[in-house]
Structure formats: structure tokens, C-alpha cells
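Chain IDs A, B, C, D, E and F follow the sequence of writing; residue 1 opens each chain.
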């Protein structure tokens, strides 16, 4: 029942222009299923691509760190598609097995200590207020 | 009604030993409220501190990246105490305002695109299987 | 290992009575798997059906709006079964592709700005207190 | 801006009847703020109280175990009001400090290993399918 | 320790231009704290405002329905600031107490049945695949 | 694309020692896929096993109650692997169908009332502060 992916050949000119920009920016022969799904709502396709391009660009944080943060959020939200696509992106940017192992270890510990802090209803220290 | 923090002076020797190790490792005069709360269950105090020390140590990822991942998870889980204490830790390690701004922007976008992927029930691309 | 669905033929009279009420209310030949699973605990089956019937009935909000709210929560919780069954219900009530597209766009933006508000630890405005 | 609690004196007869039932069932002089808030929508007040009474009654699980499960969910969802009220209920039913400590420790570990399982995208073992 | 809100008088021209656009679009004398916080990262301020303006505009769904969906997500994510600001926006658009009561009731039921579907690991019905 | 499970025959001595300890402690012929995945980061394997062994051991709470709490968290987080493996563990410890039914019912109600408390922004009662 999920909406079928919209392939380039079936896309409106508006959608095709976004696909072309994604393919050029990422140097890939085809956009992935995420974009082909979101294309069912062209304004969301265009807006999301523009936003993602801006947010994930090199800046004060390097792109690999950004992809690892993306994985951390996606694991916490349990989004399979997002984990796999952003883990793949991080690996293309050079993430090693050791870095991935540490990333997941930090995500695990953060989720544990988040619950300890909440479970004990810890009050903010003066210096954190 | 939350359990009162256990101060060093009132701690058992077992708890005090952990407090001393935290203070030495972090070079701080007192442990923060998180540890004084968890100290109500001494095995959790000892285990959590040992784990955190291991996980957050410099390794394949540098400590600042680890603290930023910790913030990303804590924001996604909406844990106020955790956000503030790990943002403070990241700033002590040199996180700039620009880096914090980009960190939160990535966390925001990841939470948005996670929901788009789930909302459209996007199928895994062949190359991601 | 999940418990097998309880089919009408194998159901106790208590469970069958609930199935019959669901089929009559929805004008369908068979109840769906959700009910056949929850039927393993008959009090939960009866209570959940009574509650859902009451909550989703036309009232101050129309049923389509209620189904769209159900989808919004299910996407945020990442419950595949719930997304698909309530998206189907919304479409039966007339939800168009354009409405679905806007629904998912709002869900995405809300999840993003929720994290921005939490990440920046925004204080309540006076007028919101 | 939150709606003010509806006190017994200002309640409609319909709401008052629910309050009276809660006070009798729990042997308390007044209902707590949760009920006084939900009372703004009387059908939700009545339905929620009936459901909670049924679900939390002694059965195959004893009431203390049920309250601890309630705390576990509330900590994972980060609902302050829910944590405090159900921790209080668990303590009235005899939960000791040691039991509370172990409860929170399990909640923490479960949240950690949940993320490890998701982060590594662990495949179901044959025996779990 | 949260970053202080950036007031109009202290804002850069870039930030001020966004503030002016928000004030004009909403016909309010001042922007609220959300924008004054996000303004610490001007690209996020500009992008978020442009996105929100586009997503929340009247379209296939009316603005009140969109605000109620926003509240539903914010309640599920437990974001206090977001709940209060979007509940206020929904009330300005005409949401009645009865509508708010039904909205919260649906959000509650959806969160309950989401967990029942997941807890019983309900298989997708053929017609939902 | 998920990392392949590391089988005993291919494991380093360090990893094999953990596998041997798990098999002995649980009296099983092979460890399950969770451990074979986490083994890609040996320090996380060793630490997680030591922690889990400590946390889940009989103590102030009996092991069945601990496994049910684990299931409650896993359902709330929507972690399929975790639900199935800990439901299986609970059943090995004697959980009956009736107990499972009540467990899921409590998890469902807790998720519902958590959202009611948050949706109405219920203030803490004096006695809960």
C-alpha cells in the first residue's frame, strides 16, 4: 500500500529538476527511494532537498561528523531506512569500523544515562541553570 | 519527592570511592547531581561511571565528537539534565557557537527526515539491503 | 514467535461478540489482524474496541481529522502497522494525495521544530505561562 | 495557559460521580491533579478511570509489578508527572529503595541495548521468528 | 546556561529581516522566544521560518487542522514549549474546548494502540501490504 | 548492508571468551545474533555482557519481573529484536499468556495516560513535589 516510487521517466518537470540537482550534487546515476517517495508531494521534495543540502554542507562541523550525528538520531528514533542510508553516507566519507563501533557505543550509553537522569528526577546543578 | 542527593560527607566508603575517582578524572571539586542521585543504588553508580569512562575516552572518535553525539541523543529524547550537562562538557572541550548551531540544525533535520521516511514507508534501496 | 491471530472460528463466544460488533460497525467481512492479536487477552480486546469506538466517533472533530491525527502520532512513534491501517482508514474517509502530502509535511516539520525548541532550551514566553 | 484544575465544588454531577468513585476506590480525601485536568473532557475522564481501574487491578500480575511497569514506561517517555505519581503509588504498595534502584537500572540497560540492537540492525535469530 | 534570547535591538540586519517578516505575517508586535533562540544560528532561523511559513499555509488542509496535528506530535514528543505555543495558535484559529478534548483523547488512544500493535507484533494484513 | 554476525569460529580469543561465558551462564549451545553483531566492537561486547549479567541477576526484584520491565521498555521504544528476545526470556522464566496480556495492557495504558498528562500539562500535586 505504500505509494510507489516515482521514477525519473514518470516525473513532472518540477520533480525532475530536483532529481537532476541531487544526482549532480552527489554524483550518482539515480536518486534513492527516499526522494522517489517524497516526490509524491513536490513542495516537500524541493524544500527538503534544499534544506538538507544547506544543513549537511561542510561548515563549522565536517560532513562526516554531521553524518554520524544523523545516524545517532536515527538509531534513537529507530528509523531503519535512515540508519542504513546515513551509515552508508558516513562510510563513503571514511567512517571506519572502529569509529562506527564507538558511535553506537556512545548512542547506547546516552540512551541509558538519559533514563537514569529522568528516572531519578535529577535536579539541575546550580552551574547548569 | 525525588530522592535527595547524597553528599560526599554522607556517602558510604563504596560510594565515596567512586566520587573520588570522578573528581580526580574530571579535576573538579565536587561531583554533579547526576552522580549524587544514582548513588542511591551503589552498583548502578559504580557500573555507570566505569562504563561512561570507557565509552567517552579518546579513541577512534575524539571526545568533542562524542559529547556532540551525546547532546544529539539527549535532544531527541528531550532530557533537559542531559542536554545541559553534555552541552557544558562539549563547550569545555571547545565547541563553538557555530558548531552548536550546526549540531542542533542536523538534529532537527534528522528528526524531520526520519518522519518523512517513516511516513512514506520508504522501501530500502537494493544497495542498502 | 508472535502469537498466531485468533480467527473467528476459533474464538470464544466473548471474543466472537466483539468481532461481530466490529464487523457490523465497520461493515467489513472480517476483523483485521490487530483485533485477532489483541484477542489473546479478551478484556483488552473488549476495552480497546469500546474505547476506540467512543474516541473515533464523529463529534467536535470530524472522523477524517481524527484519522489524520492518528497517522501523525503513529508516524512519530514509528508504528508500521498503525500507519498503514490508519492511512487506509483516512483514505476511505476521503483523504486525497495532496492532504496526505501536507499531513506528512506537518509531521516532519513538527518533529524538527520540537527538537530545535528542546535543543535551544527555549524558555516559555510570558503569554504562554 | 494550561487549563485550571476542576475542583470538586465546581464539577458537574457527571464529573463529581467519577471523583467520588476514585476517592472511594483509593481511600483518599481528594483526587489528584491528573483527574482534575482530564475532567475538562468528561468522556475521557470517565473512560480513562474505568480503563485504569480495570487494567491496574490485581490479576495475573500483582499491583506492585504493574506500578513498576508503569514507572518503566513513564521514564522511557520522560513524563515527569507520571513518574512521580506512579513511583509514589509503587512505594505505597511497598516498593523498597533497593527495588526502585533495580527498576531504574533495568530501564537504563533496556534503553541502551535497544539502541545497540537497532544500531547494528541485528537480524532476528531463527528461533525468534 | 541556555543561550539568552536575541532581542530585535541586538539582532544583526539578517536576523532582523526575519523578525520583521514574522511580525508582519503574524501581525504581532514581537516574535516569541523560539525565534529569539534559534536566531543564534541565523541560517537555521531563516530556513526554519521559510519552511514553517510554507508548510503551515492554507492548502489541502486548513490551518486549524495543521495546528492540531502539530499539537499531536508535540504531545507525543513531550515538548512543553511546542505544546503551549501550538495549542495557543490553534485556539486563536478557533479550536474549542471540546475540540481540544477530542484531540488529546485521540492522541492518547493512538499512543495506546500503537503499543498494543507493537507489543503483540501484529503482522500486516494482506490488504495493507 | 548490516555487518554480518561474527561466528564463534571466526572470533578473536577476546570475543570467544565472552561467547563462552554467555553460553555457560545461559546454558545454550550458541549465543544469539545480538552478541554476534555487537562483537564487531569487542569493548562494547565485553562491557554490555558484564553490565547485563549484573543488572538482570536475581536481587531485590526477581528475574521474571526484570524481563517484563525489559519488554515494557522495548515495546515503548518499538525495538522488534528486543521485544522478541526478552519476551522469549520471560516465557522461559514462566511468564504465562495471562501475565503477558496484562503486561501489554499496562504498557498500553501507561503510554496513553502519559500523553494525557502531557497534553493537559498537568501540574505536580503538592504531595508529589
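In the analysis below, a residue touches a chain if its C-beta (ideal position, glycine included) is under 8 Å from a C-beta of that chain, and two chains touch if they have at least 3 such contacts.
Just so you know, these numbers come straight off a predicted model, no measurement behind them.
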Exercise. Which chains, if any, touch subunit D and subunit E both?
Worked result: A, B, C, F
Problem set entry | Angle of the C-alpha superposing rotation, subunit A to subunit F, to the nearest 5 degrees | 120
Problem set entry | For subunit E paired with subunit F, centre-to-centre distance based on mean C-alpha positions, whole Å | 34
Problem set entry | Chain centre separation (subunit A, subunit B; CA means) in Å | 21
Exercise. By residue number and range, which residues of subunit E touch two or more other chains?
Worked result: 1-3, 40, 43-44, 48, 51, 55, 76-80, 84, 88, 98, 101-105, 107-109, 111-114, 116, 118, 120-121, 127-128
For this session: Based on the touch definition given at the start, go ahead and assign the chain network to line, ring, star, complete or other.
Result: complete
Problem set entry | Contact footprint of subunit F on subunit A as seen in their complex | 78, 84, 87-88, 97-98, 100-102, 104-105, 108
Problem set entry | Touching residues (chain side subunit A, partner subunit E) in the complex | 1, 43, 47, 51, 54-55, 127-129
Exercise. Within the complex, which stretch of subunit C touches subunit E?
Worked result: 1-3, 5, 32-34, 37-38, 40, 44, 48, 51-52, 55-56, 59-61, 65-66, 68-70, 72-74, 76-77, 79-82, 84-86, 88, 96, 98-99, 101-103, 105-107, 109-114, 116-118, 120-125, 127-128
Problem set entry | Touching residues on subunit B, where the partner in the complex is subunit D | 1-3, 40-41, 43-44, 48, 77-79
For this session: Using the touch rule from the top, collect the residues of subunit F that touch subunit E in their complex.
Result: 71, 75-76, 78, 80, 83-84, 103-104, 107-109, 111-116, 118-121
